[in-house]
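Pasting a structure here, questions to come.
Residue numbering begins at 1 within each chain, and the chains themselves are lettered A, B and C in the order written.
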Amino acid sequence: MNLFSSLIKKNGPIIGTYLLIAIIFWFIFLIIIPQLYMVDLSFRPNLSPLERGGDKDFYTLEHYKHFLFGSAGSNNYFNVVDISVFFKTIFISIIVTILNLLFCYPIAFYIAKVAQPNSARFLIIALIIPFWINELLRSFALRVLLANEGVINTFLTQIGLIDTGLLFITNNVGLYSGLTYAYLLLMMFPLYNAIESLDKNQLEAAKDLGSSTFWTHIRVVIPHAKPGIVSGCTMVFMLTVGALATPVVLGGPNTLWFPELIYQWFKMSNNWSRGAAYSFLLLIISVIFVLTMMRLFKVRIGEIIK
Amino acid sequence: MSASVELKNASVTFGNFYAAKNINVKINGGEFFSFLGPSGCGKTTLLRAISGFQDLSEGEVLIDGVDMSRIGPNKRPTSLIFQNLALFPLMSVADNISFSLEVRGVDKKKRRSRANELIELMALDGQGEKMVHQLSGGQKQRVAIARALAIEPKVLLLDEPLSALDLKLRQRMRTELRAIQKRVNITFIYITHDQSEALTMSDRIAVMNEGEIEQIGLCADVYNKPLTPFVATFVGENNSIDGKLTEVSSNEATISTENGSFKSCLNNSDGKYSIGDEVFLFIRPEALELAKNGNFDNVIDINIDTFEFEGNIKNYFAKLGSNKKIKFSIPNSVDTSDIHSGSNIQIGFNKLNSVILKKGQLAVDT
Amino acid sequence: MSNRLINYSLIFYIITFFVFLFGPLIIMSITAFNSADFPRISPWDCLSFRWFNEGMVDYVGQHQAGLLTDQKLKEGFYNSIFIGFFVVLLTVPIGLAAALVLTQINPKLRELFYSLSIMPVLFPGVIIGISTVVLWNRLSGLSDEGILSEVGRNGIFLTILAQTCFISTYCFLIFVARLQRFDRSQEEAALDLGATQTQVFFKILLPYLAPAIGSSAVIAFLASFENYNTTVFSILSDRTLTTVIASKVRLGITPAISALAFAIIVITVLAVIIYEFYKRRVDRLKKIEEQTLLASQSSDSRVQKIEIPKINFIKPLSFFIIIAIILSILFTQVLKNNLYGDACIANVEEEKKRKIEEQRKLEEEKFKLSEEDLQSGNKGGNSAFGDIFNSDLFEY
């Protein structure tokens, strides 16, 4: 109520009301209630709409149990498939994040500090263009290249280097390179912004004091770019771990990415509460990752997303 | 049309911190009044309280005798000129000037003619269609004043509007502001930390320190007859020598210091001072002269340290005794060929050009 | 290592990087012009625009739609535009309101408010989609009739809400960035001059925020238009462009998608070029103005001479001319070798039909031989994984 009256006082009745309605609608109805309801649903059995609120509608851990131990009839004690998909998704996402950082750092540094203003501008535009194109279509482009009868395979067969096509898609090469390709820009821009704000004199001072290029980066550039690095890594990890479009296009027949698992419970098996439970697991991982990054690198949440 | 402004027991607190404490001042209609003080002394808070952006914690603001506590800034008969001017960058000069008429629903034709009137008054001819960023610093200043004057406020509040200008322009604008005030004949309340700005323009000055008013008075009185050590040292330069009173009468006293005894003026009509009090003696640098050039009530032995040539005057920094420093200024026309760094000379001053005050806080050089 | 070596390897790396960035897109674009029914470069059948238009009818009589004749794509496209429009209408005011409140709220609450505002972009997109759907499904289940049960099951409505949830954050961030540079004293000046708070909002704040409103509207629309992760859940039985693309790709890749991608690439590149020219023009005008002002105020002879930076048209123009020349040479070569047009396509198809016939005959003979083996062998696929991995599950 304090907030209410101060908003009205500062903005007048008309604008004050608009501000209040807008933020309440967004925070309460679009963010908080749906999330809470989803979490609530994940602790309930999968019921038809008619049975909701009835006798069978009680709290249960069955979906989380299913994630850990699988369905009752299975041979394994643990739910090996789901758990391994879960950890594989996290592991691969971390690898993808690190690769992205390694790939982007030299480019970001070059554009921010080495290139002439005009060519820097050109390079930035060149970076942006591919990322205005839908993630699905970018993955599709990779698929055109990497499919069993795709451009690379036909090319290699024609010049006689190989006899049969390499199974890029089946072996997940497609998926992993697609994931790395998908969010490069979200690593690039925080990095670029962070490095760009570094005073060029500091680089020259380091050089003047006899530091090698390598040490200048370790001791001057990287510490300065830390918020950008953390921000880029967080964004890339979150997007990768929650990616659905790229796995849909580039996933092999035997590949599962954790969000795909959610998709299947939700859309195929129509088991919404299990889908909600798995979503909640994904959410927990995301939150843990963000908190770890904040703790580890001592940055505030405002520095991660600007 | 001008209005008087009165602050009664006005205080503003932020938590435990007093930004302004128990302020009582009455500013007459048509007066050019300045609040002078170092940054952080609470003068801007007072100005914001008068204009309505800051609620008082205690006390009241009266404009023309009317209590303003329930009246918002957009309803008060005041106009504020901001430190950074706060011109609207997306509007033309004319639109800026007629903004206050626009928001009151005045029709376009009248707005136009009022804007042209002010453009002429402020010597901004031909600038009406320009955007703000195309103007020079002085022109922006005048646009800000014109904008504030458009609705004919009864009181104009100015928050250090000249601080961003370079020295020459600043000096010219002082004269100009004073002239404008005479022309439009409304109350000006001016905030500044620059004592020469306050002295040149104002009718009266209030010197503030740490949220309280130290002295209110005419410019010459504040300069010549400071009431507190802070005022003495903040308004203009002053040499201070500490000592004890050895003789006290109603308007004169003798102070005994490590460097000798001096006679000086003292306002002791209320009998505040008595023998043995710890006091400061204040002498302005320009009140000190070479002793050989005249007869003085007091004479001091000094040892010249360094010298500065400022153009119209020459500044000397000298040692007084073993650990005190003293500064004196001599007009350029006086012959000083025999004074060098290290020479021992005598300087003197008359008791009328000095003042004795009870010990208290001095202004810190910043 | 010498500096020069580092520099050269850096430049080499950058070139490689950009080749990897653009290579797939360029190759995909080229495949859109191959008449073959699979996106490929070699073997090259014929130069053809059929994947942009009518598509093709394959030899078993099945129609593979091209870009313009695909009804699902068309429907999805219109839905995407519709959704994008409403998302912009919602997200821009919400982002603006939240950014304004952030600047006014007391500092203790500010961190919390900011965290809440950016939470939606930290959440995986699938979660936002799912949470919206489950909530509204429950709400619509509460009543059998009425608006609530109608809209709660309307995929387009749910998609608008779900996308608004996180796209508002993008708008919020854009507004926050702009507001940080806003001079608050302008608001006070306007108030002091007698404006009401509503007038301050419309006459001072909104004009200042106009560029941010424009860019957040564009960003919001683009984000909505290309969103998949959230939309695929919230859209229910409807479809948007992205869900259509995804299901098509999952079913098998066709050059019609390449054609779509090529169209989007061309639009993007054109938009960027136009924007860039516009921006350079604005920058140039600004520079001229600054120099005029400087020259008018200064008596310094060094700034009296106004130098007007020129836009260099020749460089980009020559670039386009060279590309046009190369394309026209290629095209004449293609025409000469009879690689363009219906005749060529007919030829290739005839050829293919013949090959397939041969193949089939061969297969039939083989089949007779191996029938017995098959009956005793293992026919099942990945039974352990159930039907989860069956690709046709991804059909919408």
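Note that in this section a residue touches a chain if its C-beta (ideal position, glycine included) is under 8 Å from a C-beta of that chain, and two chains touch if they have at least 3 such contacts.
Here the structure is a predicted model, which means the values were calculated and not measured.
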Other chains in touch with both subunit B and subunit C: none
Taking each chain's C-alpha mean as its centre, the one farthest from subunit A: B
Centre distance in Å when subunit B and subunit C are each reduced to the mean of their C-alpha atoms: 62
Whole-Å gap between the CA centroids of subunit A and subunit B: 60
Inter-centroid spacing, subunit C versus subunit A (mean Cα positions, whole Å): 17
Sequence positions of subunit C contacting 2 or more other chains: 196
Subunit C-touching residues of subunit B, taken from the complex the two chains share: 51-53, 72-75, 78-80, 82-84, 86-88, 90, 99-100, 102-104, 134, 136, 147-148, 150-151
Residues of subunit A touching subunit C in the complex: 3, 6-7, 10-12, 14-16, 18-19, 22-23, 25-27, 30-31, 33-35, 37-38, 41, 49, 52, 81, 103, 106-107, 110, 114, 123, 125-130, 132-145, 147, 149-151, 154-155, 158, 181, 184, 213, 234, 238, 241-245, 248-249, 253-254, 256, 259, 262-264, 266-268, 272, 275-276, 279, 282-283, 286-287, 290, 300-302, 305-306
Touching residues (chain side subunit C, partner subunit B) in the complex: 183, 185-186, 188-196, 199, 203-204, 207-208, 289, 293, 297
Subunit C residues within the subunit A interface of the complex: 1, 3, 6-7, 10, 13-14, 17-18, 20-25, 27-28, 31, 38-43, 93-94, 96-98, 100-101, 104-105, 109, 111, 114-116, 118-128, 130-135, 137-138, 141, 161, 164-165, 168, 173, 177, 196-198, 201, 222, 226, 228-229, 232-233, 242, 245-246, 249-250, 253, 257-258, 260-261, 264-265, 268-269, 271-272, 276, 382, 385, 388-389, 391, 393-394
